[in-house]
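Shared chain: chain A. Partners: chain B in the first complex, chain C in the second.
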Partner chain A sequence: MFFSISFKISLAIFVLGTLYRIINWFRFKIGTDALSFTMIDRIKSGVIGIFKTIFSLKIFSIIKVLILDVVLQIKIIRADKWRWIMHMCIFYGFMLLLLMHAFENQITKALFKNYASTLNPFMFLRNLFGAIVIFGVLIAVLRRKKTPKILTNAHDSFAIFLLFSIMLSGFVLEGLKIISSPIFDEMVSSYISGSDDITPLKAYWAKKFHVVFKEKININDEKLLSEGESSHIDNCASCHSMPETAFISYPFAVSFKHFGNTLNDFRVDRWLWYFHVLSCFLGLAYLPFSKFFHILSTPINLLLEPAEEEKNKVTSRIIGMDACTHCGVCTENCSVAQIYQVTQNPNILPSEKLASIKLLSRGKKVEREKLNEIAEGSFICTNCYRCTKVCPSGINLDDLWTASKNTLIQQGYFEPHNWIAQKSPSEWAETVKKKKDEPSDLIDNPEIFYGCVQCSTCASVCPVVAASNGNEIDLTPQQVMNLLRMGLKDLAMASKMVWNCTTCYMCEENCPQGIRVTDIFYELRNKAYIRFKDVKENV
Partner chain B sequence: MKFAFFKGCRIPKDLPEYELSTKVVLNKLGVELVDIEEFNCCGYPVRHLSTKASILSTARNIALARRENLDILTPCKCCYGNLMHSNYMLQGSKDLKNEINLILSKEGLRWEDDIKIKHLLYVLSNNVGIDVIKKHVKYPLTNMKIAAHYGCHALRPGKIVKFDNPLAPTIFENLIQVAGAKPVDWSKRLDCCGNPLWGKNNNLSLKLMREKIEDAKLADAEYICTACSYCHIQFDMIRKRELKGDESVPNIPAILYPQLLGLAMGIDKNKLGF
Partner chain C sequence: MSRIELKCDLLVIGSGIAGMAASLFAANRGIKTIQIGKTNTLSFTSGLMDVLAVHPIEEKRLWKNPWDAIDTLKKDISGHPYSKVSKDTIEKAFKELVAFLKSADVPYANYQNKNVNIITPIGTLKPTFFVPESMLNGVSALEEKKPCLIIDFYNLKGFSALQIKETLKDKWQNLRTAQIKFLDSSKEQFAEQMAYDLEKPKNLDKLAKEISPHIKDAEILGIPAILGVKRHSSVLSKLQELLGVKVFEIPTIIPSVPGIRLKKAFEDKLQDIGVQSFYSQEVIQVFHKDDFVFDVTGAASMFKIRTKGVILSTGRFFGGGLSADREKITETIFNLEIYGPFLRKVWHELDFFAPRGHNINNCGIETDEYFHPIDKSGKVIFNNLYAVGSILAHNDWTRMKCGTGVSVATAYSAVNAFLNQKG
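Moving on to the complex of A and B:
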């Protein structure tokens, strides 16, 4: 009753959650090219796309992906050998447990006529598969601990915790069942007629099967034991293998023997059964909302890759985001990941930026501060393509970054060059006039500019000054130097000259007084970026 | 001769031919290049937002090269300029060095001032030597008129990047000459290609490029020869995309220096990435 109700509830949550996620594949959007499609358009072209692909030659490339990337998971081994071992252990260990153990009534019993969960090889295999999963989980924990570049979030920790507790509770539960006299009594009342004396059987089971009985039983009486053995052979042996083969649960059972009576009195085995079953159902219900959803979304994303169609690009982008397992391989390989150490903005790291972009794709209002952070991360990206190349889930990250940059620009979050250009230097100076920042030894030191004789050599060699038709610059380099000499750095910071500088170093190289004009421009940009981004409105 | 090959962010995806041609040419000339997969961005693109982030980026690259005990060779002038500049900043400040090394130590890395950073052209000219290259040139590109595009960040500021005379460099022309081609004299040869403003002020970026191409035309150049990822992207990819069909722009294509030299050395076109 409890089992079937809680199973049905979690199955319902699982089904509804999965449907919700799938509908969102057609609902959410990222990228300005996504705006021209309605949800109906996208579902239509998705369905047409599926049929067109199935009945075309592309089906062969899809079968290839299915074997290499979904079944053998070759992409993971390319990224990291240990990660592949981890994933294979967790995935296949869990799948085998699911098929053999969770679906024992439906699958295992149908395949093996004499199946009993307490018979070998099943008892041994259950422990083996569980051990394989635990081994995978341990690699996962170690990998996350050993790779400081990869950030671990609550979803990752919970997924690992859930797997671990399902496995551990399974092992312990089996250990408790081995020593349980209440279960022994239940079995006896079901399989042995009430008139028989079961003391010999108890002695035999106490000695060989480590059942802990309340009453004192002489387990060294040879006569009693041999009587017990024949009763065991008559009544129990066809369904019970020796418990030692449950090589992980058995040591638990042996170590529980000392306080076996207490455990049996409180029926801890039952409580643990509830825990074990509920953990499994929690996992089922939570699956569509967790990183476990990648069991569905990642294979779909991988299979979509060879079928990629322009019309379905917007939809595949959203599926791609759902296919992310937050494994962190992209961040490990990211060309600009080290910058996170300085700015502490996690949106520089592709694995974290993806989660933020997911928020953006929902079309709900995202806080300005958050958008600024996503924009910073997005524009620091150098489009080196490494993340896309290594992603084991086959997500087209490069396309995703381009799309999200377009969305950000459309919402008014540009590169600093562009948003700074939207106000005049004096307007910017006004907004930050009360702000103090750390003085620098370059622009805050008037002595640096004492040498400047306003000879305008810098202006005459500057390619931007030469190319400008009056719109590109407001001041010439020597005028910027003059402002700094007068301590008017707030005014200099947002000058068009500073932000349209190509950093070609012509001015600095040619300055007869050795003033570091270009380095000063760089520093003005650094300072302006920090000072203005805090007061920046939604331009 | 062995170097850690620092290709930067753009070459693997946008300019695979640059890596291909650099490797095949240097290999023939007896220079071995080692790929270090963990290399990150040189720090040039982020320098305008955070100098510290830029210096950390450089320091980490140098620390990775130190681990392999190799000097760095880069074919990109922006990478070169920024690596040299950040390295110079680290040489000049103990506090900065300690601060950066503290961050690097989390990965077991450390910056020290013991790794040399060299640009491809410098290695060809100074480490391999013009005479050695000459011996390998089998098919001199006689009569081919080439405009050497110097690229700003390798050249200036001269006292930091130490590439060549920043006001009157000759290294690139000499290398073009050894391939048998004729370097043209053009007035904008030391000017910016405009790429640093791409994505920031596209009009100005294209204007700077257009003026350079027009200037190369005045000097009768047939090709603009580049030795920098960003310059080449500007003169090749961006120009082909953005100025497509604009007949007012002279039709002078860009060619990467190792491709030019490779042709003169008689290396198969496919191997040079054409």
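Moving on to the complex of A and C:
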């Protein structure tokens, strides 16, 4: 009763949750190109897309992806052997437990005529699979501990905790069951006729199976034991293997023996059973809302990439975000991740930015503060493609970043070079006139630029000056140096020349006075960003 | 940290005209040569090659014939670098240099073995000796006072045809001027960028169309020196063809294209003849036993060079070979002894335009007849170290108009001295 009601509730939550997430694949949008399609358009196009793929040669490449990337996880093994072992252990260990143990009545019994959960090899295998999962979980924990670059959020911890508690409660439960005299009594009353003397059987089970009985039982009486053994063979052996093969639960059982009576009196095994089963159902209900959802979304995403049709592209962007397992490989490989150390804005890191962008894609109002942070992180991204290349879930991150940048711009959050360009250098200088900032040993050190003789070699070799049609630059490099020499740093900071510099270093290499023009520009940009950031709201 | 160590027979430090010439002469003589130069000063020169035009500077006496001038100079200033070289050496050095430049498609020429007058961007005349061929037409045109059109460009700073006409009005009445809009005239123009633009035939055609209507009776056209960098000769001849008149270039203010042509020619072609060159690299430290070992640093690297001999051609203050602080003047790599005004207050005259120049313009390194730097007592400091070019004392090259000549001739002598000494 309890079992079936709680199962049905969690199953219902699972089904509804999954449906909700799938509908959101077509409802949420990120990127300006997504704005022109309705949800119905996208569902239609998605369904057509699926059919088109199934009935085309593409199906073969999909089967290939299915085998290589989904079943064998080739993408992960290429990146990191340990991660592959971890993932394989958790996934396949758990799956085998699910099929063999959780669905024993439906699957295992149908396959093996004389199946009993306490019989080998099943008892042994259950422990083995559990141990495999625990091993995987341990690798996962260690990996997160050992790689400081990877951030761990509440979802990650909870997922790991849930898996761990399901496994541990399973092991302990089995241990408790081994020593349980109440269960022994229940079994006896169901399988042995009431008139038989069960003292020999008790002695045998107390010795060999470590059942803890209240009354004192002589387990050294050879005669009693041999009687018990024959009774055991007659009545129990067909369903019970020796407990030692449950190589993890057995040691638990042995160590519980000392306070076995208390445990048995309180029927702790039953309480633990509730805990174990509820943990599993909790996992089921939580799945659509957790990182475990990737079990569904990641294979689908791997199969969908690369979507060609515009509407499907928009849809697969959202599926892609759901396929993220927050494994952190993108962040490990991110070429601007170091900036996080300075700004502490997690939205610089792809693995963290993704969650924020998910928030954006819902179309709900996001706080200004938060949007500012997302924008800062997004515009620091150089679209270098490294994250996309390493993502084991095959998420087209590069496309996602471009799309989210567009969405941000459309909502009025600009790249620094754009918001800086919205005011003239003199307006900026006026705005920050009274603001103090930390002196830099480049732009605040006259020794660095006082040698400029205004020869204009820098302007003459500058490709930006050459390519400009007069609008892209306001000053030439040597004029910027002159502003610095006159102490007009704030004015130099917002100059178009500084912001359109491609940092090719031609000026610096050709400067006859060895002035670090490019480095100075770069520093001016960084300083301008910090100096103007706080006042930019008024733009 | 162990660094790569490169080995060579001769290390040339400096990539001004002296360093370039020294590298050329050394490579031509089969010497294994490495050249290190910080930023290149060549794009700063006007591209004109002086031998000697003014002496004595107090009298501002102009010489039509530099070779006669040198004879007089040798008698008057015993320390001048020219007093250590023969006229024959100077001529041979230039011959070798000009041949190299011709092979690099930067032809230079001289007119009747005499100093020639070149029009400057402000219309004054500058006496010099070897000039880019593209400027030679102007020399004869000025002498013959041919009807001439001089153009300038809208938004190209530091070059005014009107000013040239005004300054030259007594010497050349037959001058007309016009201002032309260059391709994209809305922005400030830079000679180097214009020169690259004109290497595209389409742009040259466009420019010729703009100029054509202004030619009228002119027999020759004077144009700022923007006619191509690496394809200069063909740009020049194509423009003459398109316009149907002769064309001559007038140097612009720095950085001027003729200087950049020299720079590119050396940078590209010296490698071809075997010089291992490192530009934008700086020699920062030296150790000496028998060989010299130098630490070299640059944007991305740090390495050592071991060499049997060194030619020091690091120039004066602008090049970085000498440095002056509030107290004294020092030589920047070897800390060699400097000849020159000791006290700061006598470095300069009170009058900026003082006819005899300023003491500081004569300071530098003193050498023996083989260009080995010497100390106060006249002793050679290292017998495998040579100093050449403007770092040498006793030559006020800006006023005497002898910059390139001194650089090239001393480089030539030093390389030969090194070769003889090596045996």
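Everything that follows uses one rule, which is that the second predicted complex is superposed on the first by the 422 of 539 C-alpha atoms of A that agree within 3 Å, B and C clash if a C-alpha of one lies under 4 Å from a C-alpha of the other, contacts with A are read in each partner's own complex, and residues count from 1 in each chain.
Basically, a residue touches a chain if its C-beta (ideal position, glycine included) is under 8 Å from a C-beta of that chain, and two chains touch if they have at least 3 such contacts.
Being a predicted model, the structure only gives us computed values, none of them experimental.
Trainee: One more residue to check, A:Ala237. First (chain B), second (chain C), both or neither?
Mentor: neither
Trainee: What's your read, chain B or chain C touching more residues of chain A?
Mentor: B
Trainee: Between chain B (first) and chain C (second), which, if any, makes contact with A:Asn418: first, second, both or neither?
Mentor: Once the two structures are laid over each other on A, A:Asn418 reaches chain B alone.
Trainee: So in the superposed three-chain picture, is A:Leu16 touching just chain B, just chain C, both, or none of them (first/second/both/neither)?
Mentor: A:Leu16 contacts neither chain B nor chain C.
Trainee: Under the stated touch criterion, which partner chain does A:Glu509 make contact with: chain B (first), chain C (second), both, or neither?
Mentor: both
Trainee: Identify the partner contact of A:Ala337: answer first if only chain B is touched, second if only chain C is, both if each is, neither if none is.
Mentor: Touch status of A:Ala337: first partner only.
Trainee: State whether A:Ile48 touches chain B only (first), chain C only (second), both chains, or neither.
Mentor: It touches nothing on chain B or chain C.
Trainee: Return first, second, both or neither, reflecting whether A:Ile67 touches chain B, chain C, both chains, or no partner chain.
Mentor: A:Ile67 sits against neither chain B nor chain C.
Trainee: When the two structures are overlaid on chain A, which partner does A:Val535 contact: first (chain B), second (chain C), both, or neither?
Mentor: Neither partner.
Trainee: Show me the chain A residues, by the header's touch rule, that chain B contacts in one structure and chain C contacts in the other.
Mentor: 468, 505, 508-510
Trainee: Under the definition above, what is the set of chain C residues touching chain A in their complex?
Mentor: Those residues of chain C that touch chain A are 38-41, 43-44, 184, 186-188, 190-193, 196, 254-255, 280, 299, 318, 320.
Trainee: With touch defined as at the start, can you tell me which chain A residues reach chain B in the complex?
Mentor: Touch list, chain A to chain B: 148-149, 334-339, 341-343, 376, 380, 382-386, 415-418, 421, 463-464, 467-468, 472, 499-500, 502-506, 508-510, 516, 518, 522-523, 525-526, 529.
Trainee: State the interface residues of chain A toward chain C in the complex, per the touch definition above.
Mentor: Its residues touching chain C are 455-457, 459-461, 465-466, 468-470, 476, 505, 508-514.
Trainee: Within the complex, which stretch of chain B touches chain A?
Mentor: 9-10, 12-13, 40-41, 45-53, 56-57, 60, 103, 106-107, 152-153, 155-158, 166-167, 190-192, 194, 196-197, 199-201, 204, 207-208, 211
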